[in-house]
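What follows are several structures.
Two complexes follow with subunit A in common, the first pairing it with subunit B and the second with subunit C.
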Partner chain A sequence: MAVVEADLPAVAPRPRVNWTPYLLILPTLAFLGVFFIYPMVQAIWLGVTDPQSGAFTWQHFRRMSADLYFRQAIRYTLTITLLAVPLQVMLGLTIALLVNTRFRGHSLFLYLTALPIGISDLAAGLIWLSIFTERGYLNALLQRLGTVELPLVFLTIERPDWLIGAIVITEVWRATAIVMVILLAGLQLIPKDYAETASVFGAGRWQTLRHVIFPLLRPSLQTALIIRTILAFQLFGTVVTLAGRQIPVLAGEAYFWYSLYRSPNVASAYAVLILLFSGTITLLYLRLLRIREEEVKA
Partner chain B sequence: MRLRTLGLTAAVLVISVWVALPLVLITIAAFTPRDLLYQWPRPFWPEAFTLETLRFFLRSTGVWQSTLNSVMVAMLTIALAFGIAAPAGYALSRFRFRGKDSVQLAILMVKMFPATVLSIPLAVAFIRWRLYDTLLGVAIVHTALSIPFVIVIVTSVFVGISYELEEAAMTLGSSRVQAFTRVALPMALPGLAASAIFTFVLSWNEVFAATILTLNNRTLPALIIDSVLGAGAPLHFRFAGGFFMIVPALVIIFLIRRYLLTLWGVTVR
Partner chain C sequence: MRGVRLVALLGVLVLVAGAGPTVSAPAQEIVFTSNQFTPVEEQEWARNALLARFTQETSIGVRFITEAEGPYVDRLIAETRAGRGTIDVTGTLHGIFPVFLAANALRDMAPTLSQLDGRKDRTFFKDFLSASKMENTTAFIPWMQATYLIVAHKDALRYFPSGRNAMAMTYDDLLQWGENIRQGTGQRRVGFPVGPRGLYGRFLHGYIYPSFTGAQVRRFKSPEAVEMWRYLRRLWGITHPSSFTYEFMSEPLLRGEVLVAWDHVARILPALRQRPNDFVVLPSPAGPKGRSFISVVVGLSIPRTAPNPELGARLIEYLTRPATQVLTLQGVGFFPVSPEAGGTVPAGAFKVMADGVGAQSGARDAHTALLPIGLGARTGEFVPLYVNAFTRIAVRGEDIQRVLNEEGAKLEELYRASNAPCPPPDAAQRPCRPD
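Right, the complex of A and B next:
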């Protein structure tokens, strides 16, 4: 590129290209190339080659899928995602709509509900552990109300539903904030007069929301869904703090295969699996939401 | 109309309690004397608060060192992320050029990308590059995670500062660089500070990559994961740890509250 730039003024009669923006973007592209594209290729490479000979092999994927935790990890990851993401979107949308009414004190409300953005999955898990653990706040409350004599054990694999419930609650508490902020940013892009026009023409609040606001909010909704679902596939800290390995999940298994069984290859196979899941779900969302848009037009 | 206001107020109150209550509870737990945490019936409110639980956490092996490590990694991440991504953000705000849309799309895709899983193949590469178990190695992955955020916030900050001001400075005889450093940069500082702060939280909170990429030089989240999974740390250690991890976050979200929508607001259109 530098050569081309030096030659340009002398040789080319074409309009001069301003290289400054490309030069400014170059470091970012170079960095992401080395630390994003390269590891992605490397993940696939590690997943399908023999560590000694370097020959192509499916053995790591076979070892991964033969493992007892494998099916459970997929099932639990999908279950938790399927339960948590819709709840996050509904609650996030509610909060965003509430903030957007600009009631008195809405900025304080926004700050409060945005707080969990700064809280890690690990810290959120520990916070809810203080509630759900055997001598935790929930049992203390139940005892005070007279519902239990002795503390209940919520976080045990003998009650997997409760364990998953605790994880879903923690995920909803922690990650709704991101959905809310994305949707609120989307709401604020919608001009106020649209809703006013709708109400002038006699639309009720629900009708305005349903036929004016929601269609315009679709791009934000799409982004929120994609980001949240992909992050849910990487679920790790919350599960580890609340359930240990009782509830295996994909990222957790990648961690255990890497640091417990010392097999970067099988761990990479898990990484590839997470990448595949994420790619598929993104395409699926883009496809689904776009088709509906065309239906609206037709 | 009355009913509507009542409904709104109720919703706001319920949601506020839902978000705030766990934060209050973990704070109480972190200042509750250790033996009360294991008592039954379990009292909600301890008669006397104590610093003992927190002190126990801070004095546990490795906690202090890993806190320092976390801060170091966060600082390195801020330096790297700004050095690399701030020019790109400036370019996106000031220039029209071919491929600008694809660059913006790429940034969005990076933000959505399941990046932490890449730390596994990276760990293998880092062993070869002698970056494994170093603070720099962790900072590099955190930089990759924070680049999209730094770019969007820097872009929005400079979009908000009129280029005409820089042009005016240049007409009055300053160079392109001077116009930037003396006119645009000072005005941009608050916004840049906000994105630096956000980068700090991102790095401070990151668990997975830090756990994979370190062995002895743990960051705080990696140390806590270790002590929870490996060593079976006692409950009071975990509660104090949880509280200790969220304190910076609470302050920081307050500082950057104006920029929250910018950080996350960009969408696929």
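Right, the complex of A and C next:
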């Protein structure tokens, strides 16, 4: 043995691998594996295999795309996302900037505006249902003010724009807070010196915001946009509560195909479609909002 | 440190106190699953009133699991496939039993039925017993029954077409009634449960279709059906525009949004309970081919993989006892399946309801529609065909005959692929085929 060892060319001893970081992320990996990767693979599998023979097939995707509600579901999901997400980001940013000025009572204000985070989407839908329904608070108010004589019916497919408006308002109310919290955290990471330096060089408030704060806020903005858009594709509870199935959305269709039509395969096809949409949009955000190296150097 | 110890002591005390009931809990426990009693109040009632009595009497605990149809069916089938189960008793609609039989998931209930017969304290309505015979076995023991009716606010009765009888109303009366209400109140106040989990589909295939065409499936695209869809378009014109969000009609009725509603008895009962003096229950309308209505039978069965089948049989004995059937009627508005229980309907909301049920099933022109069976794993596709036809015709305004031909082709394919018989009142045919 000793001879063999002596024959080996001398190499520098390999540096000891530090296993601690890997051990630390192991629970997260296990969690992701069991609760995200495995169900995801299974959903894809269900979406492209025949339930009887197990052979590969596109039939579930064909059934999905031939369905009465399919095109509408895509259209409405995109419409609601395009309307709600920019509103949420603008409003969230405004509130975050406001809180960051640390006016008197700003922490109370922060808690109040963050409250909707703790409310499930179904509960949020019910809250706004009690406002928008024919015998709801909004009609009571309008009648009290004498604006209308008979209560208006807001939630009907005969007025789709009102229905979508109600959904967008509910979504904005429910999910602006999460955007605000992420952006506020981002704002608080930006050292005060930058803004002070900018003002020394004569930059006004708007200029500071535009050229100093926004570029530094981009990573948080990216996170907030990705999270909000992905969640918007999973939009379900509020829409079903306010509109039933008259405003079909993708996640709602997945649910109905599973629970009403008893077809886990087509439901999975919808899930795969949502996954594709979310993946594409995430990639898009990562590209568009990428922080280029030259920017950092400059 | 002291504080921490105090908190720990308190924690232990709370745990012990919490564990108290478990200490005295019954030694034996069985699992009972169902897709009925899913609304929270009904679940609570089932656990705290219905099943608690059984536990008191027998000291057998019952774990009651109720969920939506999809997960409910999957749970039992998964246990059958695994060959090892936890469910001892299961109770569901007669239309779901063929799915379980196809998976060979259930025991033959004939021995349990003859045991019950031996007690000489109960019999079951003949129609339900014959519905329980499937593929040469007894798939279930009848447990309870339900139907769908019209409930109206008493204020709405003054709008009822004059000279007509509300207890024997026709579809034309209903339309005229809704029109009178619209003119009188300025709003469309007839409501249907067209929400995603609403039961409007049942109205289409089991009520209006057979009332106009004499059949649920066979006359799907007939000239009479075209006439019926024209009528439905007009009916939509007096129906509350928010009907697409309604799932339980008791809610819009209590809010006053709707004055006349059609729904499942269990879903209008909360309105009758809260304000029994404000509402009347009326039979469903009659069309040119008579007064068709659905009779829903819910049955009990024991899975093949049940770990405690004898205890399960005792639960079935308890649940089908005439006294328990009356208790069930009072609790959740499902009607008895034994004539022995039928005679003792108590006064109040149930009397109002029972009068309506009686007027519906006792009408001269009445005929019963049963839920479709034999569609196996594709059972869930039946109702959406009717609802989709409704959405396309009445909401989107597509051409009636074209929609009926297209949806009818899907219906035909569904029946051909499943080789399923026509559901009554259609004339017998297998596989069923729309003419």
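In the analysis below, the second predicted complex is superposed on the first by the 261 of 298 C-alpha atoms of A that agree within 3 Å, B and C clash if a C-alpha of one lies under 4 Å from a C-alpha of the other, contacts with A are read in each partner's own complex, and residues count from 1 in each chain.
The definition used in the following text is that a residue touches a chain if its C-beta (ideal position, glycine included) is under 8 Å from a C-beta of that chain, and two chains touch if they have at least 3 such contacts.
Everything numeric in this text was worked out from a predicted model, so none of it was measured.
Undergrad: Judging by the criteria at the top, classify the pair subunit B and subunit C on subunit A as clash or fit.
TA: clash
Undergrad: In the superposed model, which partner reaches more residues of subunit A, subunit B or subunit C?
TA: Result: the larger residue contact count on subunit A belongs to B.
Undergrad: For A:Q207 in the superposed arrangement: first (subunit B), second (subunit C), both or neither?
TA: neither
Undergrad: Would you sort A:A114 into first (subunit B), second (subunit C), both or neither based on which partner it touches?
TA: So A:A114 only meets subunit B here.
Undergrad: Taking the superposition as given, does A:T280 touch the first partner, subunit B, the second, subunit C, both, or neither?
TA: Touch partners of A:T280: none, neither subunit B nor subunit C.
Undergrad: After the superposition on A, what does A:I230 contact: first (subunit B), second (subunit C), both or neither?
TA: In the superposition, A:I230 contacts subunit B only.
Undergrad: Looking at the overlay, what does A:I131 touch: subunit B (first), subunit C (second), both, or neither?
TA: In the superposition, A:I131 contacts subunit B only.
Undergrad: Tell me the contact category for A:V153 with respect to subunit B and subunit C: first, second, both or neither.
TA: After superposing on A, A:V153 lies in contact with subunit C but is clear of subunit B.
Undergrad: A:S259 contacts which: subunit B (first), subunit C (second), both, neither?
TA: Touch partners of A:S259: subunit B and subunit C.
Undergrad: Please work out whether A:G244 is in contact with subunit B alone, subunit C alone, both, or neither, and reply first, second, both or neither.
TA: both
Undergrad: Please write out, lowest number first, the residues of subunit A touched by both subunit B and subunit C across the two complexes.
TA: After superposing on chain A, subunit A residues 129, 133, 135, 150-151, 240-241, 244, 258-259 contact both subunit B and subunit C.
Undergrad: Any idea which subunit C residues touch subunit A in the complex?
TA: So the residues of subunit C touching subunit A come out as 68-71, 73, 186-187, 194-198, 240-242, 244-245, 255-257, 377-381, 383-384, 388, 391-392, 395.
Undergrad: Give the list of subunit A residues in touch with subunit B in this complex.
TA: Touch list, subunit A to subunit B: 18, 20-22, 24-25, 27-28, 31-32, 35-36, 38-40, 42-43, 45-46, 91, 94-95, 98, 101, 103, 105, 107, 109-123, 125-131, 133, 135-137, 139-141, 143-144, 150-151, 173, 178, 181-182, 184-186, 188, 219-220, 222-223, 226-227, 230-231, 233-234, 236-237, 240-241, 244, 251, 254-255, 258-259, 264, 267-268, 270-271, 274-275, 278, 282, 286.
Undergrad: Would you pull the subunit A residues touching subunit C in the complex into a rising list?
TA: 68, 129, 133-135, 150-151, 153, 155-158, 240-246, 252, 256, 258-263
Undergrad: If we count contacts the way the header does, which residues on subunit B are in touch with subunit A in the complex?
TA: My answer: residues 8, 11-12, 15-16, 18-20, 22-23, 25-26, 29, 37-44, 83-85, 87-88, 90-92, 94-95, 97, 100, 103, 106, 108, 110-125, 140-141, 143-144, 147, 151, 201, 204-208, 211-212, 221, 224-225, 228-229, 235, 238-239, 241-242, 245-246, 248-250, 252-254, 257, 260-269.
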